[in-house]
Amino acid sequence: MLNNAFLHFLTRMLYHQKNKHIGAILISILVIFLLSAVLFLSTSLQTRVQKTLKGQSDFTISRIQAGNSISIPYHWVDKVGALNGIESVVPRVHGRYFFTPKGKSFLIVGVDFFDEQNNKLLKSIVGTLDLKVFLKQDSMLVGSGVSTFLKQHYFKNTFTFKTPNGTFKEVHIAKVLSSKSNLFTNDMIVMPMHLAQEIFGMMENEITDITFNVPNDAEWDTVIEKIYLMFYDVRVVDKREIQKAYESLYNYKGGLFLVLFLVVIFTFILILYQRYSMVYSTERKEIGILRAIGWSINDILKLKFYENIMIVFVSFFWGVVLAYGYVFFLDAPFLSSIFLGEANLKNHVHFLPVIPFGLLGSIFLFYAVPFLAAVLIPAWKIAVTPPKEAML
Amino acid sequence: MNEILFSNEVIVYLLSETIIYGLLFLSFIVSLGILKSWNYENFNQKQFILENRSYLVESILFFTLILKVFLLPYFVYTIDNLSLLIPGAMCGAGVIEANSYGNPLLILKMIILFLSGLWFSINRLDLQKKSYPYLTIKLWLFVAIFFLLSIEYSLDIAYFTHIATETPVTCCSVLFSQVGGANGLPLGLTLAKLVWLFYLVYILLMLSIFLEKILLSVFTSALFAFIAYYAVVYFFGTYVYQLPTHNCPFCMLQSYYYYVGYLIWGLLFFSVYLIFNYGVMSYFFKTNFQKNKAMILSLLTAFVFVCSAYVILYYVRNGVFL
Amino acid sequence: MNVITIENMHKIYHENSTEEFEVLKNINLVVKKNEMVIVSGVSGSGKSTLLSLVAALEKPSSGKIIVLEELVSKLPDIHASKYRAKHIGIIFQNFNLLESLSVETNVMAPLIHSGLTFSQIEEKVQYSMKLASIEHKATQEIRLLSGGEKQRCAIARALVHNPELILCDEPTANLDKENTLKFISLLETLQELGKTIVIATHDPLFDTLTCVSRVIKMENGRIL
């Protein structure tokens, strides 16, 4: 059936009629490019986030009043640590510092540099420091976004924070965090806990939340219950919830995009249908000739089908390759700002290539099904034209 | 529900199903028109147009059937992915059980594929003759298939819009378990008896096909499919997972097990389909399927081989059975 | 042996409408093997329609057409195409070649679905092009050929599958004197090879040829 002669004939025909198909191919490549770029981006981000979340502590306790977070007394740390099955209890101080003149904010994370870090990311940051030098004066580590921002505002080596008490605190910039972790650290400032407390006007015995691990999965629910029994105004968030929330978020963002993209797809179908009705009508004579010399309607349909399959594969290949280059080599300019949100500081993230095979299958189906459906009826119309009529 | 409907795979799947259904609906209308006025003895233009329209039905059915063959594993892949969003689900098994539409939907999909394949066999036969002798039969068959397709499409929508992401579902380890005295096996069989029955029915089936006993082949294949399903879930699957308590038809579709589930279920499904097709075509249309015999026998053997291989390899590596 | 048998055949266009037109009326015709039959008549007499009905390119409104013992008047498309691809070689007035493709590819076209291997097809294509004296232009695109060369390519395509029956519709209408004579000589060769040939033409040159078995005159859709 699909012998060499047929392929030979098909490729010859396609080659000589390439101009007719160029429009459809270009639109297809654009459609696939857009679709793939968004999906590659979101999958890469999702994978990265999930990986990082794995390195987070299992639980976070925060204290709530009227739906807002309030500070936790430091001595609660020991109370929590006393519970069975709980390990690595770490107090945290963090919050947003608003650089009011421009409305931008920094995420300040106060860390006890001598303590064991629950968070893998912080662990790696702290691990590379020469603590002696760092703690000699009031110092902080800043993310690349913060560093760029400060430089733009003529803060070279230090930055002066305004505290709620009306005082000013000058802090030395010890190091800029690696841009590799930009996804999380772009607007982050890591500093000793007492400094963070000072900047936020908090007392020494006040912290924002407590994190801890529970190695035995089976005990998670009992531990949560115990904590709620111990304190009446807390909220306990476990890692599973966060993972699911991120999963949903990226699912949602990706899905929302696809739903909007459906409009594009339907327009695409209409354009193709119109275009191929036109293209095929110019091929009427040729199809009529083929019918006259012994090609059946099925043979013509087969020809059209394989023609379209080849166009689909060529467009798919180029669309995906271009998207790959755009996302993973050029770091997706314009598109990344939509996903990462540029409301705060500008972020430059390098995306790691993560392409599950199923994703390519999904992209292929999303494009190929509408395409082939759109050209099916025009192809049939032309295949059944009586040869005599067609040849006139 | 929203998270489900915003999942990439679900959107792609539902889009494909919608487009397919749209085309098939058009086919349905055209088929009704043909059935109303078809008269092969007519020499007029109207009859000629009807003949051309029958090609449209054929093209649409060809395109949609090919797609549906791909969409069935894609559907399984989709629900497997959804297990990440649904609490309690570790694989597709939990997701399928998330509401009462899942299992009927899956079974209906398989029935539709069977009947569509049959349609193509009848179509091929019809086109070989010079007077379209089976045109009315095949179009009425399509009308029946379309009726099933409409149910399928409604079930698709109902299923995906009724998956709650708040309610935890049961995982396959509970659904298919044999612990605590629960026996998932049919007819009160023990595992050993099941395995014996599996191989015995396989041999019986091979013989009946080889000797071209049509009715016996069809009934034996149905029996074999039934036994094989339980054998794979409760025996062979445990060797795939290398865990005697892991009984699940879905987990083996995941990348962790090298997607072998697609191969195993695919081989079983395809061989049973071919036997069904061969049976119906031989019995009702008196066709001779000599050349298909070899293919059916090899597919069946391949299926049994793949299943047995896991058991044998495990024994060779570990010196014991599970 | 009868190659073509037509009994009581009528062809009506636009039946049951205001534009209804009976183009062929009560045609009865027999063509024997190896005959060269000329169907002559003015434009509009129904010659081309008669040929297209014999080739199963159209279906008659009533009557029977039997070609090579096959009832072609009511063949479904698949069978009609197979029949044409196996038994009929058609040479059209306007050549009807695929302009953007080469001579080779055009000549090959009828054999694509014949089930032959690529090398077998190539062999037949070469032989056919030689017979029609167009092999030296094998890779040339059709639109770059002259009228006579296009004609020879059309002939090569009509002969490549070794059909028993050759139908020519006004084959010399677009040829000059020299090419017309070349064409006639080729027809004589084909007749010697055992082919049955039917030519629809109003060129009076054909009426006087010795190789012509008989001339059928048509007027207003009837055979006179």
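By written order: A, B and C. Residues from 1 in each chain.
Following the convention adopted for this analysis, contacts are C-beta pairs under 8 Å (C-beta built on N, C-alpha and C of every residue); 3 or more make two chains touch, one makes a residue touch a chain.
In this text the structure is predicted, and so the values were computed from the model without any measurement.
Engineer: Centre of all protein Cα atoms: which chain's centre is nearest to it?
Structural biologist: B
Engineer: Counting C-beta pairs in contact, which comes out ahead: B-C or A-C?
Structural biologist: A-C
Engineer: Determine the centre-to-centre distance between subunit A and subunit B, using the mean Cα coordinates as centres, and give it in whole Å.
Structural biologist: Subunit A and subunit B have C-alpha centres separated by 35 Å.
Engineer: Which integer distance in Å separates the CA centroid of subunit A from that of subunit C?
Structural biologist: It comes to 65 Å between the two C-alpha centres.
Engineer: Compute the distance, rounded to whole Å, between the mean C-alpha positions of subunit B and subunit C.
Structural biologist: Going by mean C-alpha positions, subunit B sits 50 Å from subunit C.
Engineer: Could you tell me which residues belong to subunit C and also touch two or more other chains?
Structural biologist: Residue numbers touching two or more other chains: 77-78.
Engineer: Two-or-more-chain contact residues of subunit B, please, as numbers and ranges.
Structural biologist: Each of 55, 127 in subunit B touches at least two other chains.
Engineer: Quick one: which residues in subunit A touch 2 or more of the other chains?
Structural biologist: 297-298
Engineer: Which residues of subunit C touch subunit B in the complex?
Structural biologist: 14-16, 59-62, 74-79
Engineer: Quick one: which bits of subunit A touch subunit C in the complex? Just the residue numbers, please.
Structural biologist: 3-6, 8-9, 12-13, 16-17, 285-286, 288-299, 386-388, 391
Engineer: Spell out the part of subunit B that touches subunit C in their complex, as residue ranges.
Structural biologist: Listed in rising order, the residues of subunit B that touch subunit C are 40, 43-45, 48, 51, 55, 127, 130-132.
Engineer: Tell me, which parts of subunit C touch subunit A in their complex?
Structural biologist: The touching residues are 52, 55, 57-58, 77-78, 80-82, 84-86, 88, 90, 92, 94, 96-98, 100-102, 105, 108-113, 116-118, 121, 157, 161.
Engineer: Using the touch definition from the top, list the residues of subunit B that touch subunit A in their complex.
Structural biologist: 2-3, 5-13, 15-16, 19-20, 22-23, 52, 55-56, 59-60, 63, 67, 70, 74, 77, 81, 84-85, 87, 127, 165
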